[in-house]
Every structure is written in C-alpha cells, then in structure tokens.
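Two complexes are shown next, each including subunit A; its partner changes from subunit B in the first to subunit C in the second.
What follows is the complex of A and B.
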C-alpha cells in the first residue's frame, strides 16, 4: 500500500514539476514579448523559451569536472523538491510539511548547488557574479524575514496551507488587505529574488559576461533555465499564497502569479541597474522599514502569542 | 571503581601516560584516542541521578563536594566525549604540535565541570580546563603569533575567572555553602527583594561564561586564539570548549523563570538583555567573518556567531527556546567539527591558511570537498542536514515572542553566514587550481574514515533529529518546563508547525535522482581542462595567464565594505588594547617607586606607618 501511495505521489510530483516548469517558461516567453513591445520591437514568439530549452538540452557541451556536473544538478533538483511543499491552488502534494521557512531554506540549497557548479568552472566572471548574487541576497532576505515574521504572528501558524485557508472567503480576507505594507516590502524583495532590473547585478549582461552563466552551455545552460523557471513559479507562488489568498483552482493561481510577474517586468523595463552596494543598502532602507513597520502593527493589533 | 570518579580519573591516568610517552608521537596519539574511548565506555555505566559526595577539610571548614548526573550533564558528556573520540582518531594521522596529555587534562576538567555540584569543584575544573588549553595554544605553527594568541586568551580567561571567583565568594558569604543548587535556590528566593544584588552576582559569573563562549563584547580573543592554535586542537576548541559557557548559562538561567521581575514583551528583562547580547554576537560574528582571508579566523568568527544564536535561544528560556538552543549546540558541534576537520586537512596539505592562496582543491581532495560541502550546507541551515532543524526552531522561538528586531538581526546573521561559507567554499575548494598544488593528495585512510563518519552523522542527525531531541526534552523537563510534544524520531515539532524530516529527505533524494537521470539522458558532454575557459576572445598564453591570476577570491565582498564601514569603526579590540596599555602605564608608575634606594623605602615605610596610625585612630 505504501508503495502504491508513493507511486501516486511520485506521478503527481512529476505533474507538478512539469506544470511549474511549463508555467515558468511561458512567463519568461511572455515577459520577453512584453519587454520587446515596450521597447517597440516585435520580439520573439512567446513559445521561444520552450524552443530554447529543447535546443539546449539536446546540444553537446563542455564540462569542467564532476563538481560542475553535480553543482548544476543540485542547482535545480532542490528547487523541484521545494515545489512539492507549495500549495498550488487547492492542491498541495505534501501539506503536512509546508512550513514557509523550510521552503525558503530548501530554495537556498538550489542556489548553493548552482553556486558550487558555476564556481567549479573556475571562471572569474562567474565568481564575481556569485559574490554579487550573495551580496544582493543579504539585502532582500532581510525585509523578507520581517515579512515572514509578520505573517507568522498574524496567522499564528507556519504552514502555508493554513495561511491560505485563513484567507478564504473573498478579497477582504486576503493578507494584502490586512498587511499592505508587508505586501509592498515583499513585492520589492521579489524584484531582487528574481534578479530583474534594477537588481540584475549578478547576471549583468555586457558587464561581466552574464556572470554565473558564463561557462554554461548546452544542457548545463538548460539546467540553469529550468532552475530559473521553476524558481520564478515558486517565488511568485509563495507570494500568492502569502498575500493573495491562494486560489480555488490552478488557472486562477497562475493568473495571480502572472499579475505579480507583470509588475516585476514593468519595473524591469523602466529602471536601470544599480551598483551592487547601492542595491544591497536599498533593501535595508525602505523595504526593511516597511517590513518592520508591518510587524510592529501586527504585534500591536494581535498582541504577542502567549508562550 | 565508581564510574563517576572514573570519568575524572581515567583521563588523568591517560594524561600521565601520554606525558611520559610524549616523545613517541604515534604512541602518544594512540593513548589519547584510547583514553577518550575508554572514558566514553564509562559513560554507559552512569545514569541520571547518580551522585557521589565527599567532604573536604579546608581551613577548619568542612566543605561538601560532589559529582552528580543531571539530564543536562549527561547530554553534554556524551556530546563532548564522542566528538573527542572522532577528533583524536583523526589526529592519529595529523602532524601538528598537539599535546595529547593537555587534551586529556582538558577532558578531565570538562567532565568535572559538567558533573560538579559545588562551586569549588566547578571553579577548580574551570581553571584546569582554561590552563591546559592555554598551554596547548602555545604550540601553534607560528611561534610569535601563537604566543600572542595564547596570552590574549589567558588574559581574557583570567579576567573571567577573577570575576567568577568574586562571585563565588560573595555567594558563599551570603549562604554559607558552596553547593550550586542551594545557592541558585537562595538567589531565586531573594530575587524579588534585592534584584540588583542578585543580578550583580550572576553577572559576575556570566562574564566568565561569556568570555569562554566568545560572546560580545568578550569575543575579541577568539580569532586570535583559534587562528594560531595548533591545527589539531582548533576543532576541539571551537566545537567543544565554547559549549562550557552554554552549560554555565544554563545553571543560572532558571533564576528568573517564575519570579516577579519587570518584563519586556513577556520576557524577564535580564533575559531580554542576554538575548540582545546573543543577537549582537551572531551579527558581529557573521559580518566580521565574511571579510576574513585567513580561513581559521573566518571560522573562528563563524563559531562565536553560532554561539550567539544559541545564547539568544536559551535566553528566552521557553520550552521551544531551550530546545532550540540545546539542539543548535549539538548541531554546531557536529557541523563545526566537520568544517574544521576538513579545513585543517586542507591546511596540512597546502601549508597555508590564507584562502586567497588556495583554490581548486576539489580536484585533488574530492572526499574532503564533499564533507566540507555538506558541513557548510548544514551550517547554513539547509534541510535535510543537521543544522536546519535548530535554526528553524530558533526563528520560531523568537517570532513567537514578538521580538521583531532581534529576529530580523538573527535572520540577517543567518543569511550573512551564507556569504562567509560560500566565500570559504569558493576560495578553498572551487575555482582555478594553482600548479603549485599539483602534488596535493587526498587525506590518509584515517582521515577518510573520519570524514565519511562526519558526513554520515550530518545526514543521520539531519533526518532523524529525534535521537537528539529526546534527551533535550528530558533536559527541558528537568528545568521545570513543559517539553515540546514528540511524535517519532523523524519529526521536529516547532511552535508554528512541525516537520517530518524523512519525508523531506525522500523528496530531495527523488528529485536528485530525477536530476541525474535527466543529466544522463540528455545530450552528451566532454570534459575540458580548467584552462579551457571563457577569456573574452583573448588568448591566455599571450599575456602569461596563470591559474592564480584567473582566480578571484581576494576581497570577495569588497563592495560591502563601504556599506558596513560605520559598524566596523567600533573596535572592541581597541578598547581592550587601551585597557591593557593603561594597566601597563599604572604598572610603570608603581615601578618608579621601587628604585632600589633604601632612603626612599624608609620614607615610604614611615609615611605608610603614619597613614596606618591616623586611619586606625579615625576608625576607632
């Protein structure tokens, strides 16, 4: 019986992974299209990312040794693992373990793996890119921590599934209404998490030769693309679950995610890249202030839990 | 023989044997290892509640001394001795100047610290531990620097010990006994009446504990000492010896629980202050760590940063806070041990501690590389390795109290730990391999066994945390708090949610299998040497590119310096230096008096007599 259950979960997991990947790739394609229209270009077809991925996975490439291989695989596998704990619409594969902090830390394992792979290549451009990515992370994770804090205290639970169910029953129950400042801080942090302008220092095309991705080609670049697409789905999905009340079905979930991504794209289109230390300290100013203010409001409203 | 006594006597006997046979290095190492193992065997003999008392006639007073096993002490004993076995086993193949007999003396002292029921024994053991470790540090590789490190450590330890000694005398004067238990209950009793007295006495003790654990503002000795100590001793210093302070804190922390003390956010304010010391330590350690180029110093900073996490958690003194703190103490011992043992393995092979001179070692030492990788993953708190559960619990404990600023600071420290861990990982193991390390080889068989064991332990205690949480629950229970619910070895129960680590482990394994399957199925790859690298169209040979030039690891986080500059201006080190200088100045001034001229001595004697008579006259 256990084996049958495991196989069912396994196939469902595959389904979720495929859906998330497809959604992420689609978002990426639409994003490129929107960006092109803003810049008055025609732009690639919105299926371009799918074609790119298939092309990349089928092309031979060079490897810099087993640490490189292992790192790139470890770059997207934990991302898929984290996806299994995310409530997607009404469906969660493993609801009993959907702790928010756990998901965030599992995602970090993917970044750690990716870092290991690209740094094993021995290219200084990827090292510079990685150092920037980490410095940026110490920026955006801090306001996000304040938001996690507020949500935990407000919902009095750490399960994403329960956070979603508490917001059931219409727009006025959503956390975006109850914690608008926290949402604002998250939205800014999301821009940094997704590495879009003005926070694209790590990739920085035309400056450090695409940073971490400089030595990636063929299937390795494909793995990087999988990581990015699934990460896009996961990060927007977390924000939807935290603030936009989850969704009754998969399509509405994707629609809400897309709204978030659309904002990210628009900001990306109009702002230039900041210098890395400016970006980091920016996160420690306005977003952190918003996050902490939100937490203080939650504490005043709800009081501290009785321990 | 009584097994409680055996825990003290066996290490001392071993120490004597090791001291005699010091000249035969391997024999000495073997004796050290065997003594640790035998001491560990005696642990199976003892159980919670065992007690042994004896009386000591001292200056006409009859002092009762004793040893007792509490849930906390047995947890600490298992943890420290087991780690000692691993380390001494590894040291069988290590060539640094580590003196086995001093390590065994430290072991005896540490066992005594954890079991002592009276303050005299506690203080004696504390001093024995302090002095044997100080002597050990003198044996570092760089003579001048290791002497400085040892003296720095000695000065701080002596300061802490004096403080503790004054505390002990004050306390025994008040109560007339040296028993720890009756002193603590006496302090609890008078806390409501004379809170400042109690706090004064307790802080005298806490200074000693803070020095030993490297808690802000007494953290300054840690990098100097860890950086210069003999390689084989550093893991013990940072994994085990920093925990003595934690044990000490836990003796006095029950004081404020249940007492009527003014509180901040539902937390007694002494605890609140202690929590802030912990949080500041965590941040200071992380930030200073990611600016280091010396790998031993980097992990020294990281070590006391983690102690800050532990202190912040236990200062809450709630069930989840205490559990989280003790759990993190265990996990820190484990992952810090793995990290330091792999680091000293690399140092012994490449012969430098400067990270900017290393790089690309993963090609030469794959197993060490993997162990280090899992070690830093655990240190960063990544599931499913050991280290995740405790950090996750610490955050929940902090959040449940509504401590927003401290929580955000700790989160910042946790993310900053990512930065320094990645820096060390990159600078030591990844990137370009210099040609001067072409002959570097993987560690010996003994080293490999140790590394595999640590690797296994990091995963085992990650996915089955119940084996650690069960004893911790009995500790929590012994402090009169309600332990967290348990539901099997694979569960961690937090305040806001609970997690099944086995299911997470399975999910991660399945996704990794899928990842490798995908890797194997899709297009082929061919391996290229590290020189075959993107150079923006240039031909490297044209401008004599060497692997060292193509390795970016020096000043890895240079842009951050500017942002953090205001914080780095605060120099605690400078304060102690200034203090030392003024002591020296006063000493010089006093020395001026002793000129050797008899006439001046006579004047002084007469003057002293006059003052003595006048003072006596005034007083009577």
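What follows is the complex of A and C.
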C-alpha cells in the first residue's frame, strides 16, 4: 500500500512539475507579447516559448565537464522540490508545517546549484554574470526575509496552507490588506527574483553576453529555460499564497499569478537597467525599510491585541 | 520517423535565434529590422548574445582576412542545426572591395552559406524576405549547409588556410623591430 501511495505521489509530483513548466512558458510567451505591444510591435505568437524550448531540446549541445552537467541538475532539482511544498490552489503535495522556510531555503539552493554549473564552464562572462546574480540575491533576500518574518509573526505559523486558510473569506482578509507595506516590499523583491529590469544585471545581453547563460547551448539552454519557467511559477506562486489569499482552484491561482507577473512586465517595460551596486543598495534601502516597518507594525499590533 | 523529422523541422523554422556578426556597413539595417518598424520577432527570430545559443549566423558585409578567422571560430562554436546568411554584395563577390588586398571575395568558399541577400546595402524588407525564405527552406528540410561543411571539410579547410596564411606577421624578427630603446 505504501508503494502505491508513493507511486501516486510521484506521478502527482511530475504532474505539478509539468503544469508549472507549461504555465511558466505560457506566462513568458504572453509577457513577450505584452512587451511587444508596449513597444508598438506585433510580437511573437504567445506560444513562442514552447516552440523555442522544443527547438532547443532538439539541438546538439556541448558539455563543459561533469560539474557543468551536475550544476544544472542541482539548479533545477531544488526548484522542483520547492514546488512540492507550495499550495497550488487547494492542493499541496507534501503538507509540512514549516513549508514557508523550506521553500525560501530551496529557492536559494537553486541559485547556488546554477552558480556551480555555469562557473564550471570557465567563461569570464558567466563568472561576472553569476557574481552579479548572487550580489542581487543578497540584495533582495534581505527585505524578503523581513517580510517573511512579519508574515510569521502575523500568522503565528510557517505552514503555508494554514496561512492561506487564515486569509479565507473575502478580499478584506487577505494579507495584502492587512500588511500592505510588506506586499510592496515583496513586489519589489519579486522584480529582482525574476531578474527583470531594472534588476537584470545578471543577464545583460549587450554588456556581458547574457552572463550565466553565455556557454549554455542547445539542450543546456533548454534546461536553463525550463528552470526559469518553473522559477517564474514558483516565485509568483509563493507571493499569491502569502498575500493574495491563495485560491479555491487552479485557474484562479494562475490568474492571480498572472496579475503579479503583469505588474512585473509593466515595470520591466519602462525602466532601464541599474548598475549592480545601485541595485543592491536600493534593495537595502526602500524595500528593506518597508519590510522592517511592516514587522514593527505587526509586533505593535500583536502587542495591543494580546493585552 | 520521417514524420518526427518533419515536426522537428517545423518548429526549428518557427524559432530561429540569430547571431549577427556586424563587421560591415550592414549592421545599421538591423536595428530597424528588430524594433518596432519591421519587428522580426513576429517570425520567432530574436537576436542572441553568443554563438552557443544561436541558430543563424548573419554576416553583414565585407570580411577582412583577420575577421574571417573570427567568423570561422564563431561558426564552429555554434550547435548543430545552424545556418549562415550572407548579407550584402560584399559577401557575394567582394562588392566595392573586390580588388582589396585584405578582404575576402566569396564567403561560401570558407563557410557554407545558405542564403545570400544581394544589395549594397539590402533594405530591412530584403532581410525579412531572406528570413522567411530560410524558414521555408528549413521547414522543407533543404537548408543543410552545416552538413555540407562537415562532409567537405577538407575543401573548406584548404581554402581557409590559403587566405589565413596571409595574416601571419610580415616582419621576421618582430620583437627586435618593435622593441623601444
């Protein structure tokens, strides 16, 4: 019986992975279309990302040693693992009472794995790109940690499903209403997580030849694209669960994710790229201030309510 | 099996990433081709940053012998289904540089060219026309320049060596001559 249950979980896990990939690719394609319309172009069809991925996987490719191969897998596996803890609509594959910390931790692991892989290629551009990506991570993880801290204090649990159920019962119960400053900080951090302008220093194509991806070709680049798409699903998904009250079903979940991604795209369309130290110090100023302010407010509120 | 190849070819034609090697004057026609006016992204063609990621190598114009060497490196770094577009009359017969001492005349003696775009310089319409033509050729399974290169490598290599020989330093004891003081 245990075996059967395990097999069911396994197939569900693969299903979630495929679903996240498809959603991420679709979002990417729609994002390209929106961007094109903002620039008054016609733009590619919204299925373009699927075709790109198919083509990449059908191309030949060169490896740069075992650390390169392993790094890509190590970059993708934590993302997939983090998905298993994420409440997608009403469904969570592996309910765990510390799922919030688990997801944040695994998301960081994914970047470190990717760093190992692309640095093994030995290309100086990928080293620069990766150092920028990690710098940026140091930037946005700090305000994000402050936000997570305030969510913890507010909901008194790290169990994402419970955080979602606490927000049930209409818009006024959502954390976005209760913790607007925290949401703002998260939204800015999300821009950095997704690597969209003004925080796209890591993959500056005209400057450091697309940074970490510089030596990825063919199937490896396809793998990178899969990783990016799943990451897109994961990172918008966690914000939906934290602030937008989760969702009663999968479609509403995706719709909420898309709203977040749409904001990201709009910001991406109008802002230029910052320099890396400007980006990091920006994250440590406004979003961090907002995050800490939110935590203080939550602490004070809690104190008043408990009295 | 052949159905599978057809499907693969179809998607390859719908998604071509381009590396533009802008040595000649032709580079100036690419920004309007990419941006709002002509918008080549609607055909699934996007500029890429490195040869590893690219499918199309676009050679815009004349190639000095030294740049030819870099083009060959670049071409050989690209991954298997790859196509070359020769852009402008300079790649076809030398164009206005036909009698220059350090510019190559015919690009396809050195790397296999799938499509030439004639003109000095071609307009963005011509470039888009070439892209659409290339897409058709790829989907019909006709654009096989990269296989030709592998099959006739001896011939290409001999041609390359013949001109690249001329890039070696002319002066014999170069350190002695350039030493200061």
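One rule holds for everything that comes next: the second predicted complex is superposed on the first by the 301 of 307 C-alpha atoms of A that agree within 3 Å, B and C clash if a C-alpha of one lies under 4 Å from a C-alpha of the other, contacts with A are read in each partner's own complex, and residues count from 1 in each chain.
Just so we're on the same page, a residue touches a chain if its C-beta (ideal position, glycine included) is under 8 Å from a C-beta of that chain, and two chains touch if they have at least 3 such contacts.
Remember, predicted model here, so these are calculated numbers, not experimental data.
Q: Check whether A:58 is in contact with subunit B, with subunit C, with both or with neither, and answer first, second, both or neither.
A: both
Q: Now for A:38: first (subunit B), second (subunit C), both, or neither, which partner does it touch?
A: neither
Q: Using the touch definition from the top, say if A:215 reaches subunit B (first), subunit C (second), both or neither.
A: So A:215 meets both subunit B and subunit C here.
Q: A:142 contacts which: subunit B (first), subunit C (second), both, neither?
A: first
Q: Taking the superposition as given, does A:177 touch the first partner, subunit B, the second, subunit C, both, or neither?
A: In the superposition, A:177 touches no partner, neither subunit B nor subunit C.
Q: Using the superposition described at the top, determine whether subunit B or subunit C touches more residues of subunit A.
A: The partner that reaches more residues of subunit A in the superposed model: B.
Q: Touching A:19 in the superposition: subunit B (first), subunit C (second), both, neither?
A: Neither partner.
Q: Touch test for A:269: subunit B only (first), subunit C only (second), both, or neither?
A: neither
Q: With the two complexes superposed on chain A, say which partner A:252 touches: subunit B (first), subunit C (second), both, or neither.
A: neither
Q: Overlap the subunit B and subunit C contact sets on subunit A and report the shared residues.
A: Comparing the two interfaces on subunit A, one with subunit B and one with subunit C, the shared residues are 58-62, 209, 214-215, 218.
Q: Quick one: in the complex, what on subunit A touches subunit B?
A: 10, 13, 17, 57-67, 69, 72-74, 76-78, 80-81, 84-85, 94, 96-99, 101-102, 105-106, 108-109, 112, 115-116, 119-125, 127-128, 130-132, 134-135, 137-138, 141-142, 145-146, 148-149, 152-153, 156-159, 209, 214-215, 218-220, 222-223, 275-277, 280-281, 288, 291-292, 295-296, 299, 304-307
Q: Spell out the part of subunit B that touches subunit A in their complex, as residue ranges.
A: That would be residues 265-266, 318, 320, 360, 362-363, 366, 369, 373, 376-377, 380-383, 388, 391-392, 395-396, 399-402, 404-405, 407-408, 411-412, 415-416, 418-419, 422-423, 425-426, 430-433, 494-500, 503-504, 507-508, 510-512, 514-516, 518-519, 522-528, 530, 532-534, 536, 547, 550-553, 556-557, 559-560, 562-563 of subunit B.
Q: Looking at the complex, which residues from subunit A come into contact with subunit C?
A: Spelled out, the residues of subunit A in touch with subunit C are 32, 36, 39-45, 48, 51-52, 54-55, 58-62, 205-206, 209-210, 213-218, 221.
Q: In their shared complex, at which residues does subunit C touch subunit A?
A: 8, 11-12, 14-15, 17, 35-36, 39, 41-44, 47-50, 52-53, 55, 78-81
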